[in-house]
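For reference, chains read A, B, C and D in written order, and residue numbers begin at 1 within each chain.
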Amino acid sequence: MIDKTVVSPTAAVADVFDGATVMIGGFGTAGMPGELIDALIERGASDLTIVNNNAGNGETGLAALLKARRVKKIICSFPRQTDSHVFDALYRAGEIELELVPQGNLAARIQAGGAGFGAFFTPTGYGTLLAEGKETRNIGGRNYILEYPIRADFALIKADRGDRWGNLVYRKTARNFGPIMATAAQCTIAQVRDVVPLGSLDPEAIVTPGIFVRRVVPIRVAQRSAA
Amino acid sequence: MIDKTVVSPTAAVADVFDGATVMIGGFGTAGMPGELIDALIERGASDLTIVNNNAGNGETGLAALLKARRVKKIICSFPRQTDSHVFDALYRAGEIELELVPQGNLAARIQAGGAGFGAFFTPTGYGTLLAEGKETRNIGGRNYILEYPIRADFALIKADRGDRWGNLVYRKTARNFGPIMATAAQCTIAQVRDVVPLGSLDPEAIVTPGIFVRRVVPIRVAQRSAA
Amino acid sequence: MNRLTREQLADRVARDIPEGAYVNLGIGLPTLVANHLPRDREIFLQSENGLLGMGPAPAPGHEDPDLINAGKQPVTLLTGGAYFHHGDSFAMMRGGHLDICVLGAFQVAANGDLANWHTGASDAIPAVGGAMDLAIGAKRVWVMMDHLTRSGESKIVAHCSYPLTGIACVTRIYTDLAVIDVTPHGLQAIETVPGLGFAELERLTGIPLINAIAPVTE
Amino acid sequence: MNRLTREQLADRVARDIPEGAYVNLGIGLPTLVANHLPRDREIFLQSENGLLGMGPAPAPGHEDPDLINAGKQPVTLLTGGAYFHHGDSFAMMRGGHLDICVLGAFQVAANGDLANWHTGASDAIPAVGGAMDLAIGAKRVWVMMDHLTRSGESKIVAHCSYPLTGIACVTRIYTDLAVIDVTPHGLQAIETVPGLGFAELERLTGIPLINAIAPVTE
């Protein structure tokens, strides 16, 4: 019997290694897998390359990982926020590398990684600073730049419910990057509010089929609100 | 108030013009929008370019459209089937043009059309007859071919239920090409088993958001089974 | 001359959004447009973080941290709305499915070039978000901004001095002074605030404009 | 020598599929493998037309025309299965997420080249379906076929004479005579049917093989 449930966040991230590329779901704090990030900090893996839309908020979650100086490089679209002071300080001190990617290209590069494409021509960013040095092409009268896939060793995401096969559904706009990151990592680890019995999730409404998920970690709400 | 419901299949396809490119959903007969195709035959538009996974089954649906000699060219992955005699005869007589595309490249080209990409490098088909004349590139040690998007003037698809905003859900494997074709056509027309009140479809489970759908045509089951 | 307030400007933009339009409102000033949409029109607001059919802010105490807009503020979902993931959301944006997007700007050039993501200051931390996707994806890209900087310089320029967000992408500019279309022939003023004549608008703008202001007929 | 029947061959292939594997069974002969999967293992069958967790054929009278496999035959969905669209389905296939796909073949070459979609006959109507995606997408590509054509020629060849489906993609070949791995050093026979020695297998195959057949120790 296949059971992808892992009860402890600590056990779930125990094999994240130094130098790994780790995708972390979430748009701001919506969909951010807080408990998995806390476990990753506890795990101690360093020199990480992180893929996230942002670069951390306040002092918790991704910001705490940055503050612990475990991150060598971040690939994101929107690092600067009112409460991104941890990232801001590291960046200004030259202690973190930033690869800034327009949000749609970030999403598309993750999807291309998950779907096995080699590269793609996108119109977004053509003619801007963020296209400097990139290959360009005019196709059918429109200008495009060539972008390459992003793949990761691990993806840490947050879903609403999962089952023992790894099927996932999300909640509202906390869905955001979770489903696409799940496809692009060697090992996807999902924290969920609840692990439900097989068959409880409507097969027409499963957003992430279990094939993309290695580990499902239930986080009770009481636990979560304390994080 | 926005109401995309169109009661008559005939009215729904009344603006399909000679020479149009028309995507038609379905994998075999699952998800094939039979009543919309019948209405298209009645409409009489000719010199059509059709995009479908197959090239018709038996004498109904897409096969009937072919038999009526309305199709100049078909873009598909699997024309030859045990009951594809209408296509087979036209093809052998040189009366229909065939663009044969591996199924995953067909899907990806439709998605690229819907998502605004200019082209993409795919590994599928590299080194085969179906890659002849196509641009190739080695990226990270793997060989890819460059494929271009497919867009259409119209998409005719079949869903299970829809609402007046054009939101759609599908049924089982009849989902297949419907959701991706809906994104790649100027005008997407969906036949559905039922038009339900706004709010009846779970926002977490809507597969095709209404932005991709211009017209929703309810086909009662009695009507459908007679087709 | 009466400059429009931010709310008046939002109201002015909202008036031009037709029923049935699919619209993305950028973060900052454009977000205000949502409060001014005519209540008798069904208009579909898309948010880059995965929702279509965005509704107004929730009543106090009813905020849901899992239901936010692109600016990470709490919102609601209208009956008939839908959620989707980031890949689908940006396919929707990049694929030309939005009728209108409304963006703030630092500068707009005469050819429709847009600069709205980066001041270019060497010590600035750059952040782009979805701006570049919106700039090139929507059928019509409307900019909504003050006409002049605080120091009185025109934000409508011959060529942008700030780093670009997109090339020749803006189709219309709404400012606190005027409404200006970007056309193949140049910038065409179609409306000014009461008390502001074309000549004065052109002088304030600092680059040539075409006068297409409808005469007041009342 | 006892050639395996089609059902025996399906059973042999099924035996090698481990619990938890994500597997696509190609149309034709590979479809038979589904009936032979060990009942004590949870194995996930994917079908290109948008389902994961495919179950066996329905009881007569319970067929659903909306629930079919890649060969357009009626199937069922296991508890815990999921539906998705063609884009997602082929992303799953192309993206390397399937552990194993089992395909029929006209020919397999010594380097793992696969020919299974087109006889190359000038009057044939070509049809490729998902074969090329499966050939390059799965982590392991297993071919399942008769060892010899009806006229006695080996289907394992130095170079394919039929048009290719994929280059150097096959990792293992199951035939009615033997199990052969495609390795960087060449084709390596690891198993033959009772009564068939390595020398005779190599003679029938017509190209050099490496003998890695485990001695019978019972």
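By definition in this document, a residue touches a chain if its C-beta (ideal position, glycine included) is under 8 Å from a C-beta of that chain, and two chains touch if they have at least 3 such contacts.
It should be emphasised that the depicted structure is a prediction, and the values quoted were computed from it without experimental measurement.
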item	value
Chain of greatest Cα-centre distance to chain C	D
Chain pair showing more contacts of the two, B-D and A-D	B-D
Inter-centroid spacing, chain D versus chain C (mean Cα positions, whole Å)	55
Whole-Å gap separating chain B and chain D, where each centre is the average of the chain's CA atoms	29
Distance between chain centroids, defined by C-alpha means - chain A, chain D (Å)	35
Intercentroid distance (Cα basis), chain B paired with chain A, Å	33
Contacts with two or more other chains, residues of chain D listed in rising order	77, 83-84, 90, 94, 137
Multi-partner residues of chain A (at least 2 other chains)	108, 111, 115-117, 122-123, 170-172, 204, 207
Chain-level touch network, classified as line, ring, star, complete or other	other
Inter-chain touch pairs (all)	A-B, A-C, A-D, B-C, B-D
Residues of chain C that touch chain B when the two form their complex	19-20, 22, 42, 44, 46, 52-53, 77, 79-84, 90-92, 94-98, 137
For the chain B and chain D complex, residues of the former touching the latter	27-31, 53, 77-81, 87-88, 91-92, 98, 100-105, 107-108, 110-111, 122-130, 143, 170-180, 207
Chain B partner contacts - residues on chain A that touch it in the complex	108, 112, 115-123, 137, 139-140, 142, 144, 148, 169-172, 202, 204-205, 207
Chain B contact footprint on chain D (complex, rising order)	47-51, 64-68, 72, 77, 83-87, 89-90, 93-94, 118, 123, 125-133, 136-137, 163-167
Touching residues (chain side chain A, partner chain D) in the complex	1-2, 111, 113-117, 163-165, 167, 183, 198-199, 201, 203-204, 206, 209-212
